[in-house]
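Multiple structures follow.
Common to both upcoming complexes is chain A, partnered first by chain B, then by chain C.
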Partner chain A sequence: SRSGPPSSKHGHGGHAKRAPPPASPVVPVAPQAAALVRATCNSTAYYDVCVSALAADPSSTTADVRGLSAIAVSVAAANASGAAQAAAALANGTAPLAAAAAGDGTVQALLRACAGKYGDARDALAAAKESMGQQDYDLATVHVSAGAEYPQVCKALFRRQRPGAYPAELAAREEALNKLCSVALDIIALLTSSPASNNNNS
Partner chain B sequence: MAAHSHVIPFLSPAATSARCSPYGHRRRGRAGLLRCAAAAGQAGFFTRLGRLIQEKAKSDVEKLFSGFSKTRESLSVVDELLTYWNLADTDRVLDELEEALLVSDFGPKISFRIVDTLREEIRDGKLKSGAEIKEALKRCILELLTSKGGNPELQLGFRKPAVIMIVGVNGGGKTTSLGKLAYRFKNEGVKVLMAAGDTFRAAARDQLEVWAERTGSEIVIDNDKKAKPASVLSQAVKRGKREGFDLVLCDTSGRLHTNYGLMEELVSCKKVIAKALPGAPNEILLVLDGTTGLNMLQQAREFNDVVGVTGFVLTKLDGTARGGCVVSVVDELGIPVKFIGVGEGMEDLQPFDAEAFVEAIFP
Partner chain C sequence: LVISTKALICAPDSSAVTLSKTKKKPGLERKGKVVTDIKDAVEHYANAYVFTYDNMRNQKLKDLREQLKSSSRIFLAGKKVMQIALGRSPADEAKTGLHKLSKFLQGDTGLFFTNLPRDDVERLFREFEEHDFARTGSIATETVELKEGPLEQFTHEMEPFLRKQGMPVRLNKGAVELVADHIVCEEGKPISPEAAQTLRLLGMQMATFRLYLVCRWSSDDFEVYKEGLAQLRAEADDSS
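Right, the complex of A and B next:
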């Protein structure tokens, strides 16, 4: 996916840049890029999730903090989209684990509702990406928070109507999405709290 | 179904002296007496204004109906469920009703409570047909909106100028909503002064200037990048008093908790307004983007905790099937919805009417 809009300004600060190793002058980008990812992920609640999510996107090697936040949101959106598809597949009986739900109309209805809610989460994260493109970071925060909140309805429904039937696959996806949204929120917070970002907005 | 003859008025002054104080504020007796005396001369103005806007709202009920078409379509499954309802199917039907409510962003808590209430009434034999269940559902929702929602009328006090602070997340429609409010008031002959209190974003000032020109309103603006929001708003309120404006509409900067210092700016703005005009601001309206669904609750809590919100303006409800969030936000916060945005046009910011809303989503 495309990284955020290019910018000559850097939102991060407070970290001294490391001098490139003298033995490897031809590849100065990699250590600096890795350092930025590590520094950015250090500000998040889920460091490992953050590093693996960002590392999966090649453009993270050249992205600034704003670009990294856009990547994080994109990864979360992809996760939500996958969860929506998984829930729909379970509901339609086309998933391997669907046998358990095949005979239960209620569980199928719940799964369809879940598919809808993960779809809402996906849409919210897409809206967040759009807001970030316009540097509306606070609104992006709202949309990412919404992306994390919609799946809670899915869990609440199962807990209420079929406690034992909440699919492990959805539970895992919910947890992953929650963490990815948390990571995205923490990175976006860097943009809204930095003096450079404020100057950019005025 | 018999039509309700009573429509809650959108705007009117308090009818008794006990309500002379601004919404949510208590005043000592002496101040209250002074305000009562002041009310004698100016209450008529706001009474007439309220009547005119109420009549306008009545004729615009179609806008509300069309604005909630997506939510209505999403909830139309309820009609199908209840048309063929019979007692033996109660649990299945109520489960599916619950899902339909949740899909439309009635929150889990409120959806479960509504369904539990219906289940109990069915079990007790109080509801014997699908039509009766639907009416009970509508009644439940209406009661939630009217009992938890407090007073949906704008509370503009008894002295000119009335002052309204508009707060909300940047990008969420705050400045546009302010502009549409100004347009509505202007059409009723109100002399409006806008205040460009979002001094952090040049775009916000520019946008507000466009709205001022479009609505024929005066505006107080400071183009200095270092201008303090509180200073601009204080100047505006003082000018409003000095020059006899009826209403001052205060734009503000919308920042979330991630930048706590700027959230504190809202507190400063509120304080200087109160200092410039005791009793003001009369209303603090939080603009919430309806497409963010239940996340509105989180925003509402944050702004309410910081500055004290007196009413909601919910926007973009025509663009979403999740209109149930209207009920959720009122139920969770106990704060009334005062306006809803149901379209892009200047006149698509409508005063909120709970009965019309319930009819729009469950015709």
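Right, the complex of A and C next:
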């Protein structure tokens, strides 16, 4: 007798070829969102800064102009918070300074003042976020404007007392924050300059 | 009978008013003058401040204007009028950095132009304080409760009027008497018309007219005042 498993001798019928599944309709969400971001950023003084700031937040893909303005303020607020920490680190001596400035008491005092100013900027932008949440765009404008101005005091203080000792890190942070605030203000202005809001302006 | 169409076309229409005879809107002229005055102030004064206020009293402000007229100028105009005068961007500002003030002209704000030193201005605003009777709708700064008993400060003739204000009073041997404890107003709540009148009768001046600096501009400097920002925020909270 034959050993091993019995083999099947049944013949195979031909299989019908499957039709490809129908393509689902493509909803152009991404292109529309990208277009809105570009259009919104076109109204700002710093287009590239605006696009990169908004693109970093995933919710910008589904946001309207109001949402984009809130994102812009949030980005500026986060930046100010980081700058406040950096300034505090410099003031506390936990971050390296230029050798010439390390032992200068005046520079230390200026850095402490700067830490305070960046803290004020952080607080102002936090207040701006609150105002945005309440759709009080006028007050948000005030607070973002304040957030942009506080760091300027830091620069002015160094310019007057120790022009050569202004830390490069603070200079870079100041410039970045200033641009982000400018972007936020420009986008907020789109909301306050709409035809509906013009009726209430005195 | 043939009617000449030429006559109809040429007939003078006394109801027509030519455009050159129309009067300009008075408000428009006034706004134009304010813009001009602000621009003049920019040229004449070294410093400009945005300020906000609480419990505005027009007469008190007028008195302050008179007091400071030799060194300063105060403007309380519409937001857009002041912004246009200052310039809204670096492209249209009258002096470098002046457009920054425009960003802070929100809510109840005004402009203060002056040649006074900064310290003097800050002291002036800090010390300025004028008390007055609270108005209907303003927020009570404290709870005022009258206890049951005689109200010796009022004559008997006042009794009907006091009762009309919602006070539980009666005449007792010719003297006004409160028959039960009565809360005139509560801290943090809006003052009713009756409460406002009662506070006035009681001589309680619950409203304090104050000024707060919001920001300062000069040719080489710009400063933000946290207290002023906080006040703007408080005003927004009160109105919401």
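Quick note on the criterion: the second predicted complex is superposed on the first by the 163 of 202 C-alpha atoms of A that agree within 3 Å, B and C clash if a C-alpha of one lies under 4 Å from a C-alpha of the other, contacts with A are read in each partner's own complex, and residues count from 1 in each chain.
By our rule, a contact is a pair of C-beta atoms (placed from the backbone, for glycine too) under 8 Å apart; a residue touches a chain by one contact, two chains touch by 3 or more.
Not measured: the values here are computed from a predicted model.
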So, after the overlay on chain A, do chain B and chain C clash or fit? They clash
Taking the superposition on A as described, I'd like to know which of chain B and chain C A:124 touches: first, second, both or neither.
both
The answer to whether chain B or chain C touches more of chain A is B
Based on the superposed arrangement, let me know which partner A:136 touches: chain B (first), chain C (second), both, or neither?
-> both
- In the overlay, answer first, second, both or neither for which of chain B and chain C A:157 touches. first
Check: Which partner does A:145 reach: the first (chain B), the second (chain C), both, or neither?
Finding: both
Clashing segment of chain C (vs chain B; choices 6-14, 168-176 or 186-194) is 186-194
Residue overlap on chain A between the chain B interface and the chain C interface 120, 124, 127, 131, 134, 136, 138-139, 141-143, 145-146, 149-150, 152-153, 156, 201-202
Counting only contacts in the complex, chain B reaches chain A at residues 92, 95-96, 98-99, 102-103, 108, 112, 169-172, 200-202, 225, 254-256, 258-259, 289, 291-295, 298-299, 322
Interface with chain C, chain A side, in the complex: residues 120, 124, 127, 131, 134, 136, 138-139, 141-143, 145-146, 149-150, 152-153, 156, 185, 201-202
So, in the complex, the side of chain C touching chain A is made of residues 78-81, 100, 103-104, 106-107, 214-215, 221-224, 226, 229, 232-233, 236, 240
The answer for chain A against chain B in the complex is residues 105-106, 109-110, 113, 116-117, 120, 124, 127, 131, 134, 136, 138-139, 141-143, 145-146, 149-150, 152-153, 156-157, 160-161, 188-189, 192-193, 198, 201-202
